[in-house]
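Next up is a structure, given as C-alpha coordinates.
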Amino acid sequence: MHQTTVTISTHQHMELVDITTQIQAELRASQIATGTCILFNPHTTAGLTINEGADPAVRTDLIKGLRQFVPLDYPFQHQEGNSPSHIMATLTGSSLTVLVENGTLLLGTWQKIFFCEYDGPRTRKVVCRISAS
Amino acid sequence: MHQTTVTISTHQHMELVDITTQIQAELRASQIATGTCILFNPHTTAGLTINEGADPAVRTDLIKGLRQFVPLDYPFQHQEGNSPSHIMATLTGSSLTVLVENGTLLLGTWQKIFFCEYDGPRTRKVVCRISAS
Amino acid sequence: MHQTTVTISTHQHMELVDITTQIQAELRASQIATGTCILFNPHTTAGLTINEGADPAVRTDLIKGLRQFVPLDYPFQHQEGNSPSHIMATLTGSSLTVLVENGTLLLGTWQKIFFCEYDGPRTRKVVCRISAS
(Lines give C-alpha, C1' and ligand atoms only; values in the text may rest on other atoms or scores of the structure.)
Protein backbone atom coordinates (compact mmCIF):
# COMPACT_ATOMS: atom_id res chain seq x y z
CA MET A 1 0.00 0.00 0.00
CA HIS A 2 1.26 3.41 -1.06
CA GLN A 3 -0.21 6.57 0.45
CA THR A 4 0.76 10.16 -0.16
CA THR A 5 -0.73 13.61 0.05
CA VAL A 6 -0.78 15.52 -3.21
CA THR A 7 -0.67 19.33 -3.03
CA ILE A 8 -2.73 21.43 -5.46
CA SER A 9 -2.48 25.20 -5.88
CA THR A 10 -5.67 26.73 -7.21
CA HIS A 11 -5.73 30.16 -8.82
CA GLN A 12 -9.38 31.13 -9.18
CA HIS A 13 -12.44 31.35 -6.92
CA MET A 14 -13.94 28.35 -8.72
CA GLU A 15 -12.10 26.13 -11.17
CA LEU A 16 -11.37 22.53 -12.10
CA VAL A 17 -7.69 21.53 -11.96
CA ASP A 18 -6.52 18.46 -13.89
CA ILE A 19 -4.52 16.33 -11.41
CA THR A 20 -4.25 13.19 -13.58
CA THR A 21 -0.50 13.56 -14.15
CA GLN A 22 0.14 13.91 -10.41
CA ILE A 23 -1.87 10.79 -9.64
CA GLN A 24 -0.17 8.82 -12.42
CA ALA A 25 3.20 9.77 -10.90
CA GLU A 26 2.05 8.39 -7.55
CA LEU A 27 0.95 5.19 -9.26
CA ARG A 28 4.38 4.77 -10.86
CA ALA A 29 6.05 5.40 -7.48
CA SER A 30 3.85 2.75 -5.88
CA GLN A 31 5.00 0.07 -8.36
CA ILE A 32 1.53 -1.48 -7.97
CA ALA A 33 0.27 -3.17 -11.14
CA THR A 34 -3.25 -4.25 -10.17
CA GLY A 35 -5.45 -2.71 -7.51
CA THR A 36 -7.33 0.45 -6.69
CA CYS A 37 -6.49 4.11 -6.36
CA ILE A 38 -8.65 5.90 -3.80
CA LEU A 39 -8.50 9.70 -3.79
CA PHE A 40 -9.92 11.57 -0.80
CA ASN A 41 -10.51 15.31 -0.58
CA PRO A 42 -10.33 16.52 3.06
CA HIS A 43 -11.82 19.97 2.31
CA THR A 44 -15.49 20.99 2.66
CA THR A 45 -15.65 23.54 -0.17
CA ALA A 46 -13.98 21.41 -2.84
CA GLY A 47 -14.55 18.11 -4.60
CA LEU A 48 -13.16 15.48 -6.95
CA THR A 49 -14.62 14.48 -10.29
CA ILE A 50 -13.76 12.59 -13.47
CA ASN A 51 -14.82 14.21 -16.73
CA GLU A 52 -13.58 15.17 -20.19
CA GLY A 53 -10.04 16.54 -20.28
CA ALA A 54 -9.48 17.00 -24.02
CA ASP A 55 -11.32 20.31 -24.43
CA PRO A 56 -10.59 22.82 -21.62
CA ALA A 57 -14.02 24.35 -22.32
CA VAL A 58 -15.70 21.38 -20.61
CA ARG A 59 -14.17 22.17 -17.23
CA THR A 60 -15.12 25.83 -17.64
CA ASP A 61 -18.67 24.85 -18.58
CA LEU A 62 -18.94 22.59 -15.52
CA ILE A 63 -18.31 25.56 -13.23
CA LYS A 64 -20.63 27.79 -15.30
CA GLY A 65 -23.35 25.15 -15.17
CA LEU A 66 -23.12 24.72 -11.39
CA ARG A 67 -23.25 28.51 -10.94
CA GLN A 68 -26.44 28.64 -13.03
CA PHE A 69 -28.51 26.44 -10.72
CA VAL A 70 -26.85 26.39 -7.28
CA PRO A 71 -28.29 29.56 -5.68
CA LEU A 72 -25.45 32.05 -5.18
CA ASP A 73 -27.44 34.90 -3.62
CA TYR A 74 -29.90 32.96 -1.48
CA PRO A 75 -30.08 34.19 2.14
CA PHE A 76 -28.18 31.25 3.64
CA GLN A 77 -27.59 31.04 7.43
CA HIS A 78 -23.88 30.12 7.41
CA GLN A 79 -22.13 33.43 8.12
CA GLU A 80 -18.96 32.72 6.16
CA GLY A 81 -20.96 33.31 2.98
CA ASN A 82 -19.66 30.21 1.20
CA SER A 83 -22.72 27.96 1.48
CA PRO A 84 -22.94 27.65 -2.34
CA SER A 85 -19.40 26.19 -2.23
CA HIS A 86 -20.44 23.65 0.44
CA ILE A 87 -23.45 22.67 -1.69
CA MET A 88 -21.24 22.15 -4.75
CA ALA A 89 -18.90 20.01 -2.61
CA THR A 90 -21.76 17.67 -1.68
CA LEU A 91 -23.02 17.52 -5.28
CA THR A 92 -19.55 16.53 -6.53
CA GLY A 93 -18.49 14.15 -3.76
CA SER A 94 -15.44 13.84 -1.56
CA SER A 95 -13.71 10.78 -2.96
CA LEU A 96 -12.98 8.86 -6.15
CA THR A 97 -12.19 5.21 -6.74
CA VAL A 98 -10.19 4.43 -9.88
CA LEU A 99 -9.25 0.89 -10.89
CA VAL A 100 -5.56 0.12 -11.54
CA GLU A 101 -4.62 -2.41 -14.21
CA ASN A 102 -1.23 -3.14 -15.80
CA GLY A 103 0.23 -0.31 -13.75
CA THR A 104 -2.08 2.30 -15.26
CA LEU A 105 -5.25 4.09 -14.16
CA LEU A 106 -8.22 2.46 -15.91
CA LEU A 107 -9.70 5.71 -17.27
CA GLY A 108 -11.77 6.13 -20.43
CA THR A 109 -10.26 7.71 -23.55
CA TRP A 110 -11.45 11.25 -22.73
CA GLN A 111 -11.41 11.02 -18.93
CA LYS A 112 -9.16 13.05 -16.67
CA ILE A 113 -9.22 13.41 -12.87
CA PHE A 114 -10.10 16.90 -11.65
CA PHE A 115 -9.80 18.67 -8.32
CA CYS A 116 -12.83 20.96 -8.03
CA GLU A 117 -12.07 24.25 -6.29
CA TYR A 118 -15.24 26.00 -5.15
CA ASP A 119 -13.81 28.54 -2.69
CA GLY A 120 -10.30 29.51 -3.82
CA PRO A 121 -7.73 30.42 -4.61
CA ARG A 122 -6.08 28.23 -1.96
CA THR A 123 -3.44 25.57 -1.43
CA ARG A 124 -5.32 22.28 -1.20
CA LYS A 125 -4.48 18.66 -0.48
CA VAL A 126 -5.76 15.33 -1.72
CA VAL A 127 -4.92 12.02 -0.10
CA CYS A 128 -3.96 9.36 -2.66
CA ARG A 129 -3.92 5.73 -1.54
CA ILE A 130 -2.97 3.00 -3.99
CA SER A 131 -3.56 -0.56 -2.84
CA ALA A 132 -2.80 -3.89 -4.49
CA SER A 133 -5.79 -6.20 -4.65
CA MET B 1 -13.39 -7.38 8.42
CA HIS B 2 -16.00 -5.76 10.66
CA GLN B 3 -19.52 -5.13 9.39
CA THR B 4 -22.48 -3.71 11.23
CA THR B 5 -25.72 -1.91 10.50
CA VAL B 6 -26.03 1.48 12.15
CA THR B 7 -29.55 2.73 12.95
CA ILE B 8 -30.42 6.40 12.50
CA SER B 9 -33.64 8.07 13.66
CA THR B 10 -34.50 11.15 11.64
CA HIS B 11 -36.91 13.78 12.92
CA GLN B 12 -37.68 16.07 10.00
CA HIS B 13 -38.89 15.67 6.41
CA MET B 14 -35.44 16.67 5.18
CA GLU B 15 -32.34 17.00 7.33
CA LEU B 16 -28.68 16.06 7.62
CA VAL B 17 -27.79 13.94 10.66
CA ASP B 18 -24.17 13.81 11.85
CA ILE B 19 -23.29 10.10 12.21
CA THR B 20 -19.52 10.54 12.66
CA THR B 21 -19.54 9.48 16.32
CA GLN B 22 -21.47 6.29 15.50
CA ILE B 23 -19.01 5.38 12.74
CA GLN B 24 -16.01 6.14 14.98
CA ALA B 25 -17.47 3.76 17.59
CA GLU B 26 -17.68 1.03 14.93
CA LEU B 27 -14.07 1.70 13.97
CA ARG B 28 -12.95 1.31 17.60
CA ALA B 29 -14.94 -1.93 17.89
CA SER B 30 -13.28 -3.26 14.74
CA GLN B 31 -9.78 -2.77 16.21
CA ILE B 32 -8.60 -2.15 12.64
CA ALA B 33 -5.72 0.34 12.40
CA THR B 34 -5.23 0.71 8.64
CA GLY B 35 -7.80 0.13 5.94
CA THR B 36 -11.04 1.50 4.58
CA CYS B 37 -14.47 2.26 5.95
CA ILE B 38 -17.23 1.82 3.36
CA LEU B 39 -20.65 3.18 4.28
CA PHE B 40 -23.64 2.09 2.20
CA ASN B 41 -27.14 3.58 2.35
CA PRO B 42 -29.79 1.02 1.31
CA HIS B 43 -32.59 3.60 0.98
CA THR B 44 -33.72 5.34 -2.22
CA THR B 45 -34.82 8.67 -0.73
CA ALA B 46 -31.72 9.29 1.39
CA GLY B 47 -27.99 9.71 0.90
CA LEU B 48 -24.58 10.01 2.53
CA THR B 49 -22.26 12.99 2.34
CA ILE B 50 -19.19 14.47 3.98
CA ASN B 51 -19.26 18.20 4.66
CA GLU B 52 -18.61 20.82 7.35
CA GLY B 53 -19.74 19.84 10.82
CA ALA B 54 -18.53 22.80 12.89
CA ASP B 55 -21.37 25.20 12.08
CA PRO B 56 -24.82 23.55 12.14
CA ALA B 57 -25.98 26.25 9.66
CA VAL B 58 -24.06 24.48 6.88
CA ARG B 59 -26.19 21.34 7.06
CA THR B 60 -29.35 23.49 7.13
CA ASP B 61 -28.11 25.46 4.12
CA LEU B 62 -27.39 22.24 2.21
CA ILE B 63 -31.06 21.22 2.48
CA LYS B 64 -32.20 24.77 1.68
CA GLY B 65 -29.94 24.88 -1.36
CA LEU B 66 -31.16 21.54 -2.74
CA ARG B 67 -34.77 22.67 -2.25
CA GLN B 68 -34.05 25.83 -4.26
CA PHE B 69 -33.08 24.06 -7.46
CA VAL B 70 -34.50 20.50 -7.36
CA PRO B 71 -38.07 21.04 -8.63
CA LEU B 72 -40.49 20.31 -5.78
CA ASP B 73 -43.77 21.04 -7.58
CA TYR B 74 -42.97 19.65 -11.05
CA PRO B 75 -45.66 17.26 -12.36
CA PHE B 76 -43.62 14.07 -11.87
CA GLN B 77 -45.07 10.67 -12.88
CA HIS B 78 -44.16 8.68 -9.74
CA GLN B 79 -47.43 8.58 -7.78
CA GLU B 80 -45.87 8.50 -4.30
CA GLY B 81 -45.06 12.20 -4.71
CA ASN B 82 -41.49 11.88 -3.48
CA SER B 83 -39.62 12.16 -6.80
CA PRO B 84 -37.70 15.23 -5.54
CA SER B 85 -36.38 13.02 -2.72
CA HIS B 86 -35.26 10.35 -5.22
CA ILE B 87 -33.50 13.04 -7.28
CA MET B 88 -31.67 14.35 -4.20
CA ALA B 89 -30.61 10.76 -3.39
CA THR B 90 -28.95 10.39 -6.79
CA LEU B 91 -27.30 13.81 -6.54
CA THR B 92 -25.80 12.91 -3.14
CA GLY B 93 -24.84 9.29 -3.78
CA SER B 94 -25.47 6.02 -1.97
CA SER B 95 -22.06 5.24 -0.50
CA LEU B 96 -18.94 6.77 1.02
CA THR B 97 -15.38 5.51 1.22
CA VAL B 98 -13.30 6.88 4.09
CA LEU B 99 -9.66 5.92 4.62
CA VAL B 100 -8.62 4.53 8.00
CA GLU B 101 -5.17 5.31 9.39
CA ASN B 102 -3.79 4.82 12.90
CA GLY B 103 -7.20 3.56 14.00
CA THR B 104 -8.94 6.82 13.03
CA LEU B 105 -11.06 8.02 10.14
CA LEU B 106 -8.89 10.14 7.84
CA LEU B 107 -11.26 13.13 7.72
CA GLY B 108 -10.31 16.77 7.21
CA THR B 109 -10.37 19.23 10.11
CA TRP B 110 -13.92 20.43 9.45
CA GLN B 111 -15.36 17.26 7.94
CA LYS B 112 -18.13 15.19 9.45
CA ILE B 113 -20.10 12.28 7.98
CA PHE B 114 -23.79 12.99 7.42
CA PHE B 115 -26.81 10.84 6.73
CA CYS B 116 -29.05 12.82 4.39
CA GLU B 117 -32.76 12.31 5.05
CA TYR B 118 -34.86 13.47 2.11
CA ASP B 119 -38.21 11.80 2.95
CA GLY B 120 -38.52 11.52 6.72
CA PRO B 121 -38.98 11.35 9.53
CA ARG B 122 -38.12 7.64 9.51
CA THR B 123 -35.90 5.03 11.11
CA ARG B 124 -33.06 4.44 8.67
CA LYS B 125 -30.09 2.10 8.41
CA VAL B 126 -26.57 2.42 7.06
CA VAL B 127 -24.27 -0.54 6.50
CA CYS B 128 -20.76 0.11 7.82
CA ARG B 129 -17.97 -2.19 6.66
CA ILE B 130 -14.43 -1.66 7.93
CA SER B 131 -11.71 -3.69 6.22
CA ALA B 132 -8.01 -3.94 6.87
CA SER B 133 -5.88 -3.35 3.79
CA MET C 1 -10.59 -11.00 -8.42
CA HIS C 2 -13.04 -11.07 -11.32
CA GLN C 3 -13.11 -8.24 -13.83
CA THR C 4 -15.23 -7.88 -16.93
CA THR C 5 -16.60 -5.16 -19.16
CA VAL C 6 -20.37 -5.06 -19.41
CA THR C 7 -21.89 -3.67 -22.63
CA ILE C 8 -25.03 -1.52 -22.49
CA SER C 9 -27.09 -0.40 -25.48
CA THR C 10 -29.01 2.78 -24.82
CA HIS C 11 -31.99 3.80 -26.94
CA GLN C 12 -32.81 7.39 -26.00
CA HIS C 13 -30.93 10.69 -25.75
CA MET C 14 -31.22 10.54 -21.96
CA GLU C 15 -32.41 7.54 -19.98
CA LEU C 16 -31.62 5.31 -17.01
CA VAL C 17 -30.99 1.65 -17.85
CA ASP C 18 -31.34 -0.97 -15.10
CA ILE C 19 -28.13 -3.07 -15.22
CA THR C 20 -28.67 -4.95 -11.94
CA THR C 21 -29.29 -8.31 -13.61
CA GLN C 22 -26.09 -7.99 -15.67
CA ILE C 23 -24.04 -7.21 -12.56
CA GLN C 24 -25.63 -10.05 -10.61
CA ALA C 25 -24.64 -12.43 -13.43
CA GLU C 26 -21.03 -11.21 -13.13
CA LEU C 27 -21.17 -11.79 -9.38
CA ARG C 28 -22.36 -15.36 -9.89
CA ALA C 29 -19.60 -15.96 -12.46
CA SER C 30 -17.01 -14.63 -9.98
CA GLN C 31 -18.03 -17.19 -7.32
CA ILE C 32 -17.03 -14.58 -4.74
CA ALA C 33 -19.14 -14.72 -1.57
CA THR C 34 -17.84 -11.77 0.45
CA GLY C 35 -16.19 -8.65 -0.90
CA THR C 36 -16.90 -5.59 -2.98
CA CYS C 37 -18.23 -4.88 -6.44
CA ILE C 38 -16.76 -1.73 -7.98
CA LEU C 39 -18.43 -0.43 -11.13
CA PHE C 40 -16.61 2.17 -13.21
CA ASN C 41 -18.08 4.16 -16.09
CA PRO C 42 -15.35 5.22 -18.58
CA HIS C 43 -17.59 7.71 -20.44
CA THR C 44 -17.79 11.47 -19.82
CA THR C 45 -21.47 12.01 -20.70
CA ALA C 46 -22.88 9.15 -18.65
CA GLY C 47 -22.99 8.05 -15.02
CA LEU C 48 -23.89 5.32 -12.56
CA THR C 49 -26.48 5.58 -9.80
CA ILE C 50 -28.46 3.43 -7.38
CA ASN C 51 -32.12 4.33 -6.95
CA GLU C 52 -35.63 2.86 -6.90
CA GLY C 53 -36.27 0.18 -9.51
CA ALA C 54 -39.82 -0.92 -8.62
CA ASP C 55 -41.68 1.92 -10.35
CA PRO C 56 -40.26 2.78 -13.80
CA ALA C 57 -41.64 6.32 -13.31
CA VAL C 58 -38.82 7.05 -10.85
CA ARG C 59 -36.08 6.67 -13.48
CA THR C 60 -38.13 8.83 -15.89
CA ASP C 61 -38.59 11.47 -13.18
CA LEU C 62 -34.84 11.48 -12.45
CA ILE C 63 -34.11 12.50 -16.05
CA LYS C 64 -37.00 14.99 -16.02
CA GLY C 65 -35.74 16.51 -12.77
CA LEU C 66 -32.15 16.89 -14.01
CA ARG C 67 -33.44 18.54 -17.20
CA GLN C 68 -35.41 21.03 -15.12
CA PHE C 69 -32.41 22.54 -13.35
CA VAL C 70 -29.28 21.74 -15.38
CA PRO C 71 -29.28 24.56 -17.96
CA LEU C 72 -29.87 23.04 -21.40
CA ASP C 73 -29.81 26.24 -23.48
CA TYR C 74 -27.06 28.17 -21.68
CA PRO C 75 -24.37 29.53 -24.06
CA PHE C 76 -21.68 27.02 -23.08
CA GLN C 77 -18.19 27.18 -24.66
CA HIS C 78 -17.73 23.49 -25.49
CA GLN C 79 -18.54 23.32 -29.21
CA GLU C 80 -19.93 19.78 -29.22
CA GLY C 81 -23.08 21.16 -27.58
CA ASN C 82 -23.27 18.44 -24.93
CA SER C 83 -22.07 20.39 -21.89
CA PRO C 84 -25.35 19.69 -20.04
CA SER C 85 -24.55 15.96 -20.42
CA HIS C 86 -21.04 16.50 -18.97
CA ILE C 87 -22.56 18.40 -16.04
CA MET C 88 -25.04 15.58 -15.34
CA ALA C 89 -22.14 13.09 -15.47
CA THR C 90 -20.30 14.97 -12.71
CA LEU C 91 -23.48 15.33 -10.62
CA THR C 92 -24.10 11.57 -10.81
CA GLY C 93 -20.56 10.27 -10.43
CA SER C 94 -18.38 7.86 -12.38
CA SER C 95 -18.24 4.85 -10.07
CA LEU C 96 -20.25 2.81 -7.57
CA THR C 97 -19.13 0.58 -4.72
CA VAL C 98 -21.57 -2.15 -3.71
CA LEU C 99 -20.89 -4.56 -0.85
CA VAL C 100 -21.07 -8.30 -1.56
CA GLU C 101 -22.31 -10.66 1.14
CA ASN C 102 -23.38 -14.34 0.88
CA GLY C 103 -22.75 -14.15 -2.85
CA THR C 104 -25.31 -11.38 -3.36
CA LEU C 105 -25.16 -7.61 -3.88
CA LEU C 106 -26.06 -5.91 -0.59
CA LEU C 107 -28.74 -3.63 -2.05
CA GLY C 108 -31.79 -2.26 -0.24
CA THR C 109 -35.26 -3.65 -0.95
CA TRP C 110 -36.12 -1.08 -3.63
CA GLN C 111 -32.63 -0.41 -4.96
CA LYS C 112 -31.45 -1.21 -8.47
CA ILE C 113 -28.22 -0.23 -10.23
CA PHE C 114 -28.70 2.13 -13.17
CA PHE C 115 -26.50 3.22 -16.04
CA CYS C 116 -27.31 6.87 -16.72
CA GLU C 117 -27.20 7.79 -20.40
CA TYR C 118 -27.01 11.56 -20.89
CA ASP C 119 -25.91 11.72 -24.56
CA GLY C 120 -27.30 8.70 -26.39
CA PRO C 121 -28.36 6.57 -27.95
CA ARG C 122 -24.98 4.79 -27.93
CA THR C 123 -23.30 1.52 -27.12
CA ARG C 124 -21.65 2.00 -23.72
CA LYS C 125 -19.38 0.02 -21.44
CA VAL C 126 -19.04 -0.35 -17.69
CA VAL C 127 -16.09 -2.03 -16.01
CA CYS C 128 -17.18 -4.43 -13.26
CA ARG C 129 -14.57 -5.60 -10.76
CA ILE C 130 -15.55 -7.99 -8.00
CA SER C 131 -12.92 -8.59 -5.30
CA ALA C 132 -12.93 -10.86 -2.30
CA SER C 133 -12.07 -9.09 0.94
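Going by the order they are written in, the chains are A, B and C; count residues from 1 in each one.
Please note the rule applied: a contact is a pair of C-beta atoms (placed from the backbone, for glycine too) under 8 Å apart; a residue touches a chain by one contact, two chains touch by 3 or more.
Note that the structure is a prediction, hence the values are computed from the model and not measured.
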(request) From subunit A, count the fewest steps through touching chains until subunit C is reached. (result) 1
(message) To test your reading of the model: what rotation angle superimposes subunit B on subunit C by C-alpha positions, in degrees to the nearest 5?
(response) 120
(message) As a quick test, compute the distance in whole Å between the mean CA positions of subunit A and subunit B.
(response) 20
(message) Counting only residues that touch at least two other chains, what does the list for subunit B look like?
(response) 69, 91, 93, 97
(message) For the complex, give me every residue of subunit C touching subunit A.
(response) 1, 3, 38, 40-44, 69-71, 74, 76-80, 83-84, 86-87, 89-91, 93-95, 97, 127, 129, 131
(message) Please output the residues of subunit A touching subunit C within their complex, sorted ascending.
(response) 34, 36, 49-52, 55, 57-58, 60-62, 64-66, 68-69, 91-93, 96-99, 101, 106-111, 133
